[in-house]
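What follows is a single structure, and I will ask about it in a moment.
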Amino acid sequence: MMVTVRFFASYREKLNTRQLQVPLPRPGCRVSDLLEQLVASGGELWADVLARDNTVVAVNQVVCDLQRVIGEGDEVAFYPPVTGG
Amino acid sequence: MRNPDLVVSIQEEDFSAADLESDLLRAGGPATGACVAFTGYVRGANTGDAVSAMELEHYPGMTEKSIAAIAGEAFGRWPLGAVRVIHRVGRLLPGERIVYVGVAAAHRREAFAACEFIMDYLKTRAPFWKKETTDRGERWVEARSSDTSAAERW
Amino acid sequence: MRNPDLVVSIQEEDFSAADLESDLLRAGGPATGACVAFTGYVRGANTGDAVSAMELEHYPGMTEKSIAAIAGEAFGRWPLGAVRVIHRVGRLLPGERIVYVGVAAAHRREAFAACEFIMDYLKTRAPFWKKETTDRGERWVEARSSDTSAAERW
Amino acid sequence: MMVTVRFFASYREKLNTRQLQVPLPRPGCRVSDLLEQLVASGGELWADVLARDNTVVAVNQVVCDLQRVIGEGDEVAFYPPVTGG
């Protein structure tokens, strides 16, 4: 039960990580559970970067909130507010 | 969500606004009476420091989908003939084109509204990020709260 | 009334929106981040009948003055870099360009607002009149009350 | 004491008149006086065309109302609501 985790822009740079394959914390878990696991294994830097009020989460390329349930094969992205256009 | 005639392109190359408008006209057909085109450019100065270059990152796949969804919302709200959205990525210099949103419609009111709506939503939803190079080094551009409130008007 | 960089042209010839946008960019300078361009076209059908041609009459002299006054109002309301207004007169065919309003500004909000404002005012104040040729003969186009209410919003 | 009177679009066509030089009705008169004189000498057709609620008046190429005072050399235009753009 693996998910792909992707980071963009300043998050990608600060974490020095573009993409990860990580095991799902548990079946039927939520994005918040995945985030907790990432912060637990990544340490303070990861908490600083990811646990922000304005962090955007997208699952399978659709923006959602931390309550979104995730499963096998999902693509979960974390990124800062967008600044295109 | 109807998308009668939409083209979205994310590309490194520059584009021709004239060719895009010809294409909008052709796609919109003889009922087209109005085209509104927005073109965004890299400014030479942003919040004080001189910008010598800009790097645009995006989320391939999601970018195209989110713009198609935004345009789809516009097609649902207004009677539109055709919409073209081009967004460049990669390294850009001051004065270069970044983004184009062109809307063809029978009347100007809906062409203006849809074009501005798409830009406001693109600015706050489409996964692009700008990194500026200035005299003081590189920095990621901060999101502007005015962009959020612009999108919330609709 | 400040007119930092305004060009108004009333002409029979067609125009190039690409050349106009280049000119707006040059005139607006490095602070330019947004260009909004409206182009109006002769529709092939208007209120039912097929239109085969359009004749545009104007009031030489007053036309240029009234458009300069309208643009001057826009320059007073919003921080704008440059404005270009081109309006064709004479005989035009369906699909041909009639009018162009291009606005260069630092940010998109004011470029959109000024462009739409100028079009709304031009539609209700600038002395142009359209005569359509249809299968049922020639007829002067009637003014639309929606244009009056559009101009009254501002 | 002459003024130039100009007609445009449907007014020009219906009156079959593009431009006139007419004497001012009297010194210090208003556009309304000129209009009355034009209708008086032109007859029913001229009344039909010019005496409409939506007739636009411009003096020296600036839109004004019928109360505008006119004088020697002024250019007075009458035309229907504009339809450009």
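Worth a mention:
Read from first to last, the chains carry the letters A, B, C and D; within each, the first residue is number 1.
One rule holds for everything that comes next: a residue touches a chain if its C-beta (ideal position, glycine included) is under 8 Å from a C-beta of that chain, and two chains touch if they have at least 3 such contacts.
In this text, all values refer to a predicted model and were calculated from it rather than measured experimentally.
Among the remaining chains, none touches subunit C as well as subunit D. The geometric centre of subunit A is 49 Å away from that of subunit C, both derived from CA atoms.
Averaged C-alpha coordinates put the centre of subunit A at 73 Å from the centre of subunit D.
Inter-chain spacing, taken between the CA centroids of subunit B and subunit C, is 23 Å.
Shared contact sites, meaning residues of subunit C that touch two or more other chains, fall at 40, 119. With touch defined as above, subunit D holds no residue shared between interfaces to two or more other chains.
Chain contact topology: the protein chains form an open path, each linked only to its neighbours in the line. Pairs of chains that satisfy the touch definition comprise A-B, B-C, C-D. Interface residues of subunit D facing subunit C in the complex, by the touch rule stated above, are 6, 8-10, 13, 54, 56, 58, 61-63, 77, 79-85. Contacts from subunit B toward subunit A in the complex involve residues 40, 56-59, 61-62, 65-66, 87, 98-99, 119, 122-131, 140-143, 147.
On the subunit B side of its complex with subunit C, the touching residues are 16-18, 21, 25, 30-45, 94-95, 106, 108-109, 111-112, 115-116, 119, 146, 150.
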